[in-house]
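Chain naming follows the written order as A, B and C, and within any one chain the residues start at number 1.
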Amino acid sequence: MIVLFTDFGTRDPYVGQVKSRLAEHAPDQPVVDLLHEVPDFNPHAGAHLLAAFAAGFPPGCCFLAVVDPGVGTPREAVVVLAGGRWFVGPDNGLLSVVAARHSDTRIWRITWKPAEVSSTFHGRDVFAPIAAGIARGAFPADKLAPIARLDVEFDAEDLARVIYVDHYGNAWTGVRGVARDARVTAGGTLFKHSECFGQVGKGEGFWFVNSVGLVELAVNRGSAAAVYGLKVGDAVQVQRLN
Amino acid sequence: MIVLFTDFGTRDPYVGQVKSRLAEHAPDQPVVDLLHEVPDFNPHAGAHLLAAFAAGFPPGCCFLAVVDPGVGTPREAVVVLAGGRWFVGPDNGLLSVVAARHSDTRIWRITWKPAEVSSTFHGRDVFAPIAAGIARGAFPADKLAPIARLDVEFDAEDLARVIYVDHYGNAWTGVRGVARDARVTAGGTLFKHSECFGQVGKGEGFWFVNSVGLVELAVNRGSAAAVYGLKVGDAVQVQRLN
Amino acid sequence: MIVLFTDFGTRDPYVGQVKSRLAEHAPDQPVVDLLHEVPDFNPHAGAHLLAAFAAGFPPGCCFLAVVDPGVGTPREAVVVLAGGRWFVGPDNGLLSVVAARHSDTRIWRITWKPAEVSSTFHGRDVFAPIAAGIARGAFPADKLAPIARLDVEFDAEDLARVIYVDHYGNAWTGVRGVARDARVTAGGTLFKHSECFGQVGKGEGFWFVNSVGLVELAVNRGSAAAVYGLKVGDAVQVQRLN
């Protein structure tokens, strides 16, 4: 399985261009669109999202992960094997959190240069062929060189910020699961805890541990982003009481 | 075939998380994204949309239908067989219109609780595995119990309201096909009938029976929603003359 | 491979309805969503986008191309074979640019009328079954009649206008690759050239030849559409110095 995780946009042609290339190189592999709206130009938020999502996907799957404002500059391209899953993308920090959170991590630099390559679309021309090879079990050793560590490494501890806002207006944070008696504050508001939406009043705000294990801020039948003015990058305070 | 019908949002990661689970449990089944922008938190509009779409899909297909603001509360989860098609989702009315419109309808409650279940994402953890089993012909009888009727039942007659607005600004109603001499009024405007867009002037409003048999309000090369201020929930008057 | 290129919208149910039909008629063919946000009601921009994208897809693939404000009126429906790739869609100019840019082009009119056809959704009822037949190698000769030329033909030379704005705010033009010393002006601004985003300052505008060979206007880590007020249809001046 190939899992796509990008900021290419849901409505733009970039994903289809990548999928055509994947269909050529790995026609029998299922391709899952996980997210194409990683906050634009923001590998930092993306790195924490990717690390949270990874465990929910089957071992052996290959993530094509591209948030790459530096495409075409001398930044490197890499393959990471961490926790039994593969990740292909730029060496700009995007893969660094999932890499740091596993003890068995291995890393390769992509040394291959395709004959034809767009200087703005390595997702199609470089990462897709590499990911396709890995997904179909043909590890492209001749296009890779093992390296000891990534060039760009973000702090792999929790990120106490909003890292994603969904279409309901729910605000995901980069803070991993905490006990229900934790104190969660954002935008000057102390949020109560609830297990689910239907246990608070309509229009009421709360926090919960979401389906990938992150603290998330929400409003029952409303938009936490609108009610509390939350946006990607905003600081969140999470105080563990135990 | 598994058909996805949700309010998970086109741009969010929820659909991809569900598809990963479907790929694990029913790897050979095609999955079609029908709609992920059912009006948020609105199983009533969703129920009428779902009933209108169903007939256009092949017998035996399985709809994974999730508009579920009550996820995590004691609302039940169900499987419905109606008109030869399967529907898996919450017992909050969403499946009730298609269920009521067929005489051969059978209903089961989902009694199974997965070992790991998010209290906010039954689409992934409960409905996806059940739908996958049904789609690949392995009816999960051990996870279900037959019941006589749904807990929540909406009126299955036509719904004289706007139930969906598409990206062009066309406004779908919950009123099923009427003769072309019907009088259709919305937002204080009487709409003329036209068979198609190109038979009225540019910028002119009209109504037609759309591709799933519902009365729809539109503007040729424009947005009916913008011109007439139409939104989901607005009342529509349809007067049949015959 | 069937490639979808439409203005059906990413978030609406129309694409899913088409895919269900394709799955019935060509269950083994991969389907790639290239673009569903061709500018609404704008076959002119669409024609230039389609011609630019085509070469990046494998020979023998079949494009289902629908931007069709005249659906239901007497406009014809056609199949085009150009450059070894198939195109199915309305005869309103949308296929005319790719047709004119190849010397081996062949054209057929679709003479078939399905038993049941919506007068507003030929994408599902007419174009999908035809495209499915072509994609699986069952050329539907009995539903087609060869014709010498299209009814509607746009100028197939470069189009010096903005033809697409992506979610980053990058503005694609219909001008094909020019040397890096060309002078590119839009909205009264002379743009500098850069090979890629990371070689100009943050917030700085530039032009480049994009991944399908078109001149594109962009801002590093920003939106060219917002900064320069660019939208589809705006004139662009490209002066070649060589």
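The working rule: contacts are C-beta pairs under 8 Å (C-beta built on N, C-alpha and C of every residue); 3 or more make two chains touch, one makes a residue touch a chain.
Nothing here was measured: the structure is a model prediction, and the numbers come from that model.
If you sketch which chains touch which, every chain touches every other chain without exception. Note: Cα superposition of subunit A onto subunit B, rotation of 120 degrees, nearest 5.
If you average the CA atoms of subunit B and of subunit C, the two centres end up 30 Å from each other. Counting partner chains per residue, subunit A has residues 10 touching two or more of them. Against subunit B, the residues of subunit C that register as touching in their complex are 9-17, 19-20, 23-24, 27, 40-41, 69-73, 75, 118-121, 124-125.
Residues 1, 3-4, 10, 30, 32-37, 49, 53, 56-58, 166-168, 195-199, 208, 210-211, 220-221 of subunit B are the ones touching subunit C in the complex.
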